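Notes for the one structure printed next.
For clarity, chains are labelled A, B, C and D in written order, and residue numbers in each chain start from 1.
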Amino acid sequence: MNHFGPTSTRFTRALGVATILGLGWLAVFGLLLSPDDVVQGSYARLLYIHVPSAWLAYLAFGVTGLASGAYLWPRTRSMQWDRIAGASAEVGVLFMALALVTGSLWGKVTWGTYWTWDSRLTTTAFLFVTYIGYLAVRDLGGSHEQRARRSAVLALLAVLEVPLVHFSVSWWRPLHQAETIERGGLKGLMLFSFFVGMIAFTLLYVWLVMHRQRLMMLNDMIDDSGLDRALAERRNEVAP
Amino acid sequence: MIALRNAAHVVGSYAITFAAIAVYTWNLLRRARKAARQVPVEDRPWT
Amino acid sequence: MLSVWAISRLVAGKDLRVEWRSRVVSNQVVPFAALMMVMFAFALDSDSVLKRVAPGLVWLAAMFSLLVIVQRAFAVETADGALDALRVAGVRGAGIFVGKALALAAQLAVLELILLGAAIVLYDTHLVGSGIALLACTYLTATLGLSFVGTLYGGLAAGAKGRETLLPLLMLPVAAPVLIGATRATEAALGTAGATTSDGWPWIGLLALFAVAFGIGGTLAFGSLIDE
Amino acid sequence: MEPAVELVDVVAVLGAFPVLAGATLRVERSEIVLLRGPNGAGKTSLLRLCAGLLPVERGTATVLGVDLVHDRTAVRTRVGLLGHANGLYADLTVADNVRFWGATVGASAEEVNAAMERMGLADRLADVSVGRLSAGQRRRTALACLIARRAELWLLDEPHAGLDAAGRDELDATLRSAAVAGATVIVASHELERAGSLATRVVQVVGGCIREAR
C-alpha cells in the first residue's frame, strides 16, 4: 500500500505532486509575494483562488453533462461514464461552494456587500442548488443502471435549464461585473501566478475525479460481490 | 505584503479553500482505504 | 397499443375526474393559496409595497401551490400502486407525462385566475384594457411551463424516499425563469411601476421557449425517470 | 408454439438483496400454474419479473416470446398483473376505474361492461367510489380491470385474499375460462386446496429458487 492510498497509481501520484507544488506556489505568492493591485489593493489576492474555483466548478459540471450524454448514447454506454459524471458533479459542488464563499468575501471588501443580484452570481447560485439536487438523486438507491440512467437524464435536463436561468436573470438584472483579467488588471508575475492557480486547480480536479471515480468503482464492486455472497446465503435456504 | 485592513477576508478565503480541499481529499482517501479492504488488488482495473 | 396522444387524453381525463370527485385542489389548495396572499400582506405591511410587488406575489403563490398540487397528483398514482399498473399496462412515459401535465395545467390555470382575483381585491391591483392580451399569453405560457416542470420532477420524486423534500429542491431552481419571466410580463400587462405593455412581450418569448423546451425534454425524459 | 414463460437460472435483486436466486421455470400456453412457498420466498418477485417490472440481473428470461433481458417493456401490454396493491384510484368509481384500465389497452365499452358483470360489479356497486369499498370489493374491482385488459398472461398475487366464498368461485371460473380461451395463468396463493384444484401444475418457490412439485 502506498502513501496516496489504494486508488492511486504512478500517474495520479505524479499528478498529486504537481498539484501540491502548484497550490503551494499559489498560496505563497497570493498571500506573501504578490504586490497589491493598483485598483483593488490587497483584495486582488482573493482572485487567485476565487477565479480558479469558479472555473473548476464550471469545468466539472461541463464534464458531468458530457459524460451523461456519453452514457445515454447507446454506442458509448458504459458505467464508467456514469461514475465520471457523478465524481465530477461532487467535485464541482465542492468548488462551486468555495467559489461562492470566496466570491462573496471578495464582494464584501470591494463592493461593500456579500451579495449582489448580478446575473453571473445568481446563475451560479442556481447551478449550485441544481447539482446538489443531482447528487441527492444519485443517492436515491436502486440498481446501478437505474442510478446511471436517472442521473444522466437529470444532468441533461440541467444542461437545458442553465441557459434558460442565465437568460432570464441577465435580462432581469443586466448589470455586470467586468472581468478583472479582461481589464488587464494583472500583469507580469501576477498574471503568471494566476495561470499557475488555474493549472493547479485543473490538475487538482483531475486528481480528485480520478480518485473519486475509483472509489465509486470500488463501492460498486463491493455491492456486486455482496450479491454473490447474498446469493449463496439465499440458496442455502433451499437445502432442507 | 498584505495590507492590514480586511486582511482577515483574504487570509480567511485562502484558509477556507485549502482546508476544504484538504478535508475532502483526506475523506476521499480514507473512504478508499476502507472500501479497498473488501476488493482484492487484482480486481482493481487501474492496477 | 394506443398512441401517445390517446394515452395523454386518457390520463388527463382521469386526473381531472379524480379532482372533480375528490375536490382536493378546490377545497384545500385554493384556500391555502388565498391564505398565502393574506400572509404576504401581513409580512409586507404596506399598501404601496403590496401594489408594487403584487404580480410577483401572485406567481410566487402559484409556484408554492404547484408544489402541493404536484405532490397530490403523484400521491394519487402511488397510493395503491397505480403507477406500477400503468407501467405494466405498457403505457409509455411520454403519454403519462403529457396527460398529467395537461391536467395539472388546467387546475393551475384556474388557481392562478383566483390568485389574480385575490390580488385585485386585496392589493388594489387594476386590470388595464391594453394589457389583457399580454396577460392572457403570460398565463398560457407560464402555466404550461410550470406544469411541464412540475410533472417532470414530480414523477422523478414520486415513490422516492424523502419525496416531499426532494421535489422542491429539484423543481424550484428549474422553475425560477418562469417566476422571473411571468412576474415581469404581468407587471408590464398591469402597468405596475410605470411598465408598459411592450416591455412584456420579450418575456413571453422566454416563457414560450421554456414551455417548449421542457415540454419536449419532459416527453423524451419522463420514461427514463420513472423507470418505464 | 413457444412456451408462455421460459426462465433459466434467473437472478433478480431488490436493492442489494437477491429476491430471486436462480429460478428456472417453463410454463406452456394455457397452463394454470400455482406458485407456493413461505413468505419471502420470491413468489411476488417472480410475478413482477414476468410482468417486466423487475429487471433480470443474471440468467435468461423469455415471456410470450419477448426477451426480458434486452427489452422488458415490450411484454407489458400483453400481461396482466394483480399484485398486492390493487392499482385502483380511490377517488374514482368502480366503473371509472374499470373503464380507465380497459381503455389503456383499447378495450371497448362492451368488454368493460362484461368484465364488470363477470365480477358482479355491474349494478349496485358500479357508481360507488373505490375508496368506500370493502377490501374484498376492491379486489373484485381490480380483477374486473384485469379481465378488461384482455391479457395473454395473467399474473395473480394472492388473488383469493379478502374475497368471500362467492367471489372465490367467480375468480376460479374466470381463470379457468381464461385458460380455455388461450390465456396462461400463474397464481401465487396460500389457499392450497382451492388453488390446487384449479391449477394444472404446482411449483414450489423457496429461498428465491424454484422446485417443481407433483
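What we mean here is this: a residue touches a chain if its C-beta (ideal position, glycine included) is under 8 Å from a C-beta of that chain, and two chains touch if they have at least 3 such contacts.
Because the structure is a prediction, the values reported are computed rather than measured.
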{"item": "Centre-most chain, if every chain is reduced to its averaged C-alpha atoms", "value": "C"}
{"item": "Farthest chain relative to chain C (centres taken as mean CA coordinates)", "value": "B"}
{"item": "Length of the line joining the C-alpha centres of chain A and chain C, rounded to whole Å", "value": "32"}
{"item": "Inter-centroid spacing, chain D versus chain B (mean Cα positions, whole Å)", "value": "53"}
{"item": "Geometric centre distance via CA averages, chain B-chain A, whole Å", "value": "13"}
{"item": "Mean-CA-position distance for chain D and chain A (Å)", "value": "48"}
{"item": "Contacts with 2+ other chains: residues of chain B", "value": "none"}
{"item": "Contact set on chain A toward chain D in their complex", "value": "141-143, 145, 223, 226-227, 230-231, 234-238"}
{"item": "In the complex, chain A residues that touch chain C", "value": "126, 129-130, 132-133, 136-137, 140-142, 146, 149-150, 153-154, 156-157, 160-161, 164-165, 167-169, 171-172"}
{"item": "Chain C - residues contacting chain D, complex", "value": "1-2, 7, 10, 14, 17-18, 21-22, 76, 79-82, 84-91, 228"}
{"item": "Complex contacts: residues of chain C adjacent to chain A", "value": "152, 156, 160-161, 166, 169-170, 172-174, 176-177, 180-181, 184, 202-203, 206, 209-210, 213-214, 217, 221, 224-225, 227"}
{"item": "Contact set on chain D toward chain A in their complex", "value": "11, 13, 15-18, 21-22, 55, 57, 206-209, 211"}
